[in-house]
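Same chain, two partners: subunit A is paired with subunit B first, then with subunit C.
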Partner chain A sequence: MEAYLGIDVGSVTTKLAALDENDELMAHVYQPTRGQPIEMVQRGLEQIKEQLPADVDICGVATTGSARYLAGVIVNADLVKNEITSHATAALSYFPEVQTVLEIGGQDSKIIIIRDGIVTDFGMNTVCAAGTGSFLDHQALRLNMTIEEFSQRAMDSQSAVRIAGRCTVFAESDMVHKQQVGHKIEDILYGLCQALVRNYINNIALGKEIKSPIAFQGGVAFNQAIVKAFKEELGAEVIVPRHHELMGAIGVALLVHEEMVNNKKSKFTGFQVSEAKYRTSSFECKSCTNLCEIAQISTNGQTLARWGGRCDMWERMPAEETR
Partner chain B sequence: MRISIPHMGNLYIPLKALFQRLDVEFIVPPLTNQRTLSLGVRYSPEGLCIPFKLTLGNLIEVAELGAETLLMPSGYGTCRLGYYARTQEQVLHDLGYDIEMIQLGVSEQKFFGLLKIIKRLSNGASWFDIISAFRFGMRKLNALDRMEKLVQKVRAVETEKGTANRLYDEVISAIDEADSDKVLEMVEEDYSIRLDQVPRDSQDRPLIVGIVGEFYVLLEPFSNFDVERELGKLGVEVRRTTFISEWIKFSLFLNPLGIKEKDRIHKAALPYLKRDIGGDGWESIGEKVLHNKEYDGLVHLAPFTCLPEIMAQNIMPTTRENIPVLTILCDEQTSKTGMLTRLEAFVDLLERKRRGSKCDRKMVAI
Partner chain C sequence: MTRIGIPRALLYYQYLPMWKVFFEHLGAEVVISSPTTQAMLTGGSARVVADTCLPVKVFLGHVLSLADECDLIFVPAVRSLEEKVYNCSKFLGLPDMTKAVIPESPPILETDIDISRGKNQLYREIYRLGRHFTRNPLKVKQAGLTAWQAHLDYRELMFDHKLTHIEATEKICGIPAEKPRTAVEDPASARTTIALVGHPYLICDEFINHRLIYRLEQAGNRVLTPEMITTKELESAIIRLTGGAYWTYEEEVVGAGGYFLQNEADGVIGIMAFGCGPDSLMMDTVRRHSARTKGVPFMCLTIEEHTAEAGVITRLEAFTDMIQRKKRRET
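Entry: the complex of A and B
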């Protein structure tokens, strides 16, 4: 049985998706990264293997997300692709007419503008994580509730309170002050959702024309209150795909399926990777006064990859004993 | 008297040549690196831009090495950078370094002002020696910039990625070491041939991306995550109009004669911005308008908190000349990951755009 595997290692969650030869989703894994991208790829592979039939033949494997190169080295990926292209590919395969993709993940938020099936523009948050999943998690934690409760209670709001959404520090102090003067928690929570949406529209989507159909992808789309706030702010329908949190992994799996034509053989290391021991380390290169920070990953004393230098000296150096 | 100047691209090479000819000790700052950044950040006001922090880091590092006279560009008509020399002098004095800061206001002092400064620094060398040293420095600068332009082209199409970069690193040191016009000419000829002979992909013409934005971050690779090399790795040819040699040629010699290269760029920007807003904001917009037929896309580099470039960033999407622009903010971050994601997606976008819209929509994107 043929399968194509997409692995999306984000800053907060790791996603795996296996597609069959007709690009139908066969199996998937969604789990927190917890700052351990390698372990989570290994564990994810273990879990997805259990869901797949025993005679499965992985015909292509690809990685995306902020740890795509690291993950790519571990599984020996056939394709390593950025998450913007991956998300757009997945959105178009489900909704060929889509013109705007909103994507909010753990650390990143993006907007992708598509016209006639082609990405024409995109935007991504720069130095600030305001309005991303991590901030919502942090606020839920501070209010001692799960992120699911956060979403439900915000949906109960009758009249939202205005919260400053420009910066997480301002937002948090605004929230605290409104709590202290006795506003209802539901109204504050929904006010925060509105603030984040406003911030998104004014920052990431600045100067971009948001046209329907609009798809909303990424983990934050679980949050019904954010979806509602987007609909209100944009005055348009916002589609949340069924597997919105997996769209990056699905997209890159679609791309690798396309790539592996003409019986190209996959380089996939195999599911046994989940048992290997990997070691990562870094050092300062002293070859010149640039003093680059070089990161390396190794297994069984064999260096698999190095990167981080301004020149390609370490990348080109053949695998050898670990430093 | 030991002299030094902060880094900006390869600027140290011609200056070293100039001062060596005049028997003045010139200290080359250690290449801008993590330590430079840490030092600069520690002693800078937080809200200032990365050019201030990195140049301050350079100045501290050369002061540690015993430099006594520091040169720093300054002057009006730029942006806050005009005041940086004064502020940095203060910081260095507060740190206990007994240094003299000489402000290089190139646009005000013009050629003769600059020569007078050199005369003072060289303990009154003869005018003949000064002019000939200056010419030798300029020759090196011109050679460096010609080589860089060649490398920008080869990087995009070379079969084995990294070849042009290695040759470029070699030719930089060769030019640095050249001690006569003759050697310099030979070096340039030799490397031009070697770069021409680098094996290339026989594909169609590569994507062309123009690089515009603030002067310092355009020219100092450490501050812009080596964006040009990264684009080269992705098979993109980079075009840039900002080169130190061009800038000196115009601001020292041609502008005073009334020949202004920037007039053309400013005129192009006029429908969208009517006046100079400091820094290089006006030029960023003008270049977009001027080169929209020639470039597939534009990478716009801006220091974080740079007012002129932030204004340019917000004006650029509104121009009728509609080529995609990717703005990259340069600040203290040294991890390339975020920038690479954007660059890769940007190049995917440009590639698909060039291939045209005729594709099977059901299956693929970008």
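Entry: the complex of A and C
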């Protein structure tokens, strides 16, 4: 049985999705990355293998997300794609009419503008992670509640308080202040959701024409209160796809399916990689005064890949020459 | 022979052939700092207050690297190149800032270029500069004229052959361009064309822009830069967008942005330094114009000191994907 595997290794969560030859979702895994992208890819492969039929034949494997190159080396990916193209592809396959994709992940947020089935513009947050999933997580933790409770409590709000959303440091001091003068916690929480949405519209979506249908993807779409705040702010319906958190992985699986035509053979290492031992290390290159930090990944004493240099000297070096 | 150091930063890219010819004509030897390195950036950053922009930090790093290599360091203050068109204050005060933060540097050879004070003032300034080397005013005049011709030739070479500053400098002055270590696919076979808009000290400095041109070419794009377009075209684009330039070097941002959004390119990438005042206004003019006219896609990259390249790479990949998929659909 044919299957195409998409792996999305984000800063906070790792997602795997397996599609059959008709691009239907057969199996998926969604788990926290916990700062260990390699282990999580290995564990994810193990889990998805259990969900798939025994006679499955992986005809294509692709990676996306911020650790896409690292994950690509481990599974020997047929395709390594950025998150924007992956998310847009997935959105279009579920909603061919979609014109705007909002995507908020753990560390970054993006907007993708689509017209006539093709990406025409996109925006991404700058270095600052204000208004992304990590910030909501952090606030939930500070208030000693799970992110699910956060979402439910915020939905109960009757009159939201205004929180500064420009910067997380300001937002936090604003929240503390509001809580100390006696505002209800649900009103503060929903105020935070509104601040996050306002910040998104004024920064990432600045100058972009947001047209319906609008899809909202990424892990933060689990939070009902954020969805509600988006609907209010945009004055439009916001569709949350059933597998919104997997859209990156699904998108890159669709792309690799597209790619693997004419009986092209997949380079996939196989599910046994979940047992292999990988070692990562880094060193400072002293070939010139730039002193680049080179990271390398190896298995069984053999270097698989190196990156991080300003030039591609180390990337091109034959794999056998280990350091 | 007097050795004059020229830092490979800021206005170097626009004017090197002119400066080099001028000084050599007067019998001096020109020493150019090597391409930017991490050590230079670290050195420059350590000298300035926190608010100083990245290109100035880089400039000071280059000055530091030249300190033991030459007798004088050439640092011009470009005040104005046109009446009622203003330059960033960092360019106005560059010689003074250099002297203040690098007191141990060799003497600074200053010059004040201020066209708004009239042509006579400019000529006087050139003679004053030439007096460091000769007492013969005719010799200075000759050097000035030859230098100006070199500048015109340089500009023409870039317009006519669509060369970047670096490629043209290599042809004229024999300063080798920093070649990427792997061959780039033949740019002529590229499927899509991406135009870069921004100042040459950002577009041409591979260190601070994370090898932007090389990465775009590797991804199958032909790359165009503002210096490839005639001044006339750029100026008429500025008039179309804002009615007339306010900032010196506005043609590199607003002019080139206005031009490329409508001509020759499939996509435009603006590149600016974090915290740059004039660019924050100029780049926004381009962004607004692109949103209004619904021309080709536009993206702005803001660069700072961080060495993690992932952010730049993801944006470049997504941008290239976008325009290449669009083009494929259209054909």
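Here is the rule we use: the second predicted complex is superposed on the first by the 321 of 323 C-alpha atoms of A that agree within 3 Å, B and C clash if a C-alpha of one lies under 4 Å from a C-alpha of the other, contacts with A are read in each partner's own complex, and residues count from 1 in each chain.
Note that in this section a contact is a pair of C-beta atoms (placed from the backbone, for glycine too) under 8 Å apart; a residue touches a chain by one contact, two chains touch by 3 or more.
On a predicted model such as this, the values are computed, not experimentally measured, just so you know.
*Asks:* Following the overlay on subunit A, give me a clash-or-fit verdict for subunit B and subunit C.
*Replies:* Aligned on subunit A, subunit B and subunit C clash with each other.
*Asks:* Considering only the touch criterion stated at the top, classify A:1 as touching first (subunit B), second (subunit C), both, or neither.
*Replies:* neither
*Asks:* Who contacts more of subunit A, subunit B or subunit C?
*Replies:* Of subunit B and subunit C, the partner in contact with more residues of subunit A is B.
*Asks:* Considering only touches as defined above, state whether A:169 meets subunit B (first), subunit C (second), both or neither.
*Replies:* Neither subunit B nor subunit C is touched by A:169.
*Asks:* Is A:66 touching the first partner subunit B, the second partner subunit C, both, or neither of them?
*Replies:* After superposition on chain A, A:66 lies in contact with both partners, subunit B and subunit C.
*Asks:* Pick one for A:114: touches subunit B only (first), subunit C only (second), both, or neither.
*Replies:* Touch partner of A:114: subunit B, not subunit C.
*Asks:* Using the touch definition from the top, say if A:258 reaches subunit B (first), subunit C (second), both or neither.
*Replies:* The first partner, subunit B, only.
*Asks:* Enumerate the residues of subunit A that count as touching subunit B in its complex and touching subunit C in the other.
*Replies:* 66, 81-85, 118-122, 124, 126-127, 207-208, 288-293, 310-312, 316
*Asks:* Which of the residues in subunit A end up touching subunit C in this complex?
*Replies:* 66, 81-85, 118-122, 124, 126-127, 207-209, 288-293, 310-313, 316
*Asks:* Which residues of subunit B touch subunit A in their complex?
*Replies:* For subunit B paired with subunit A, touching residues are 30-31, 33-35, 161-162, 165-166, 169, 221-222, 226, 229, 304, 314, 317-318, 324, 329, 331, 333-334, 337-338, 340-342, 344-346, 348-349, 352-353, 357, 359, 361-366.
*Asks:* Touching subunit B in the complex: which residues of subunit A?
*Replies:* 66, 81-85, 88-89, 91-93, 96, 114, 116-122, 124, 126-127, 206-208, 251, 254-255, 258, 284, 288-293, 310-312, 316
*Asks:* Residues of subunit C touching subunit A in their complex?
*Replies:* 37-39, 180-182, 207, 210-211, 287-288, 291, 297, 299, 302, 304, 306-307, 310-311, 314-315, 317-319, 321-322, 325-326, 329
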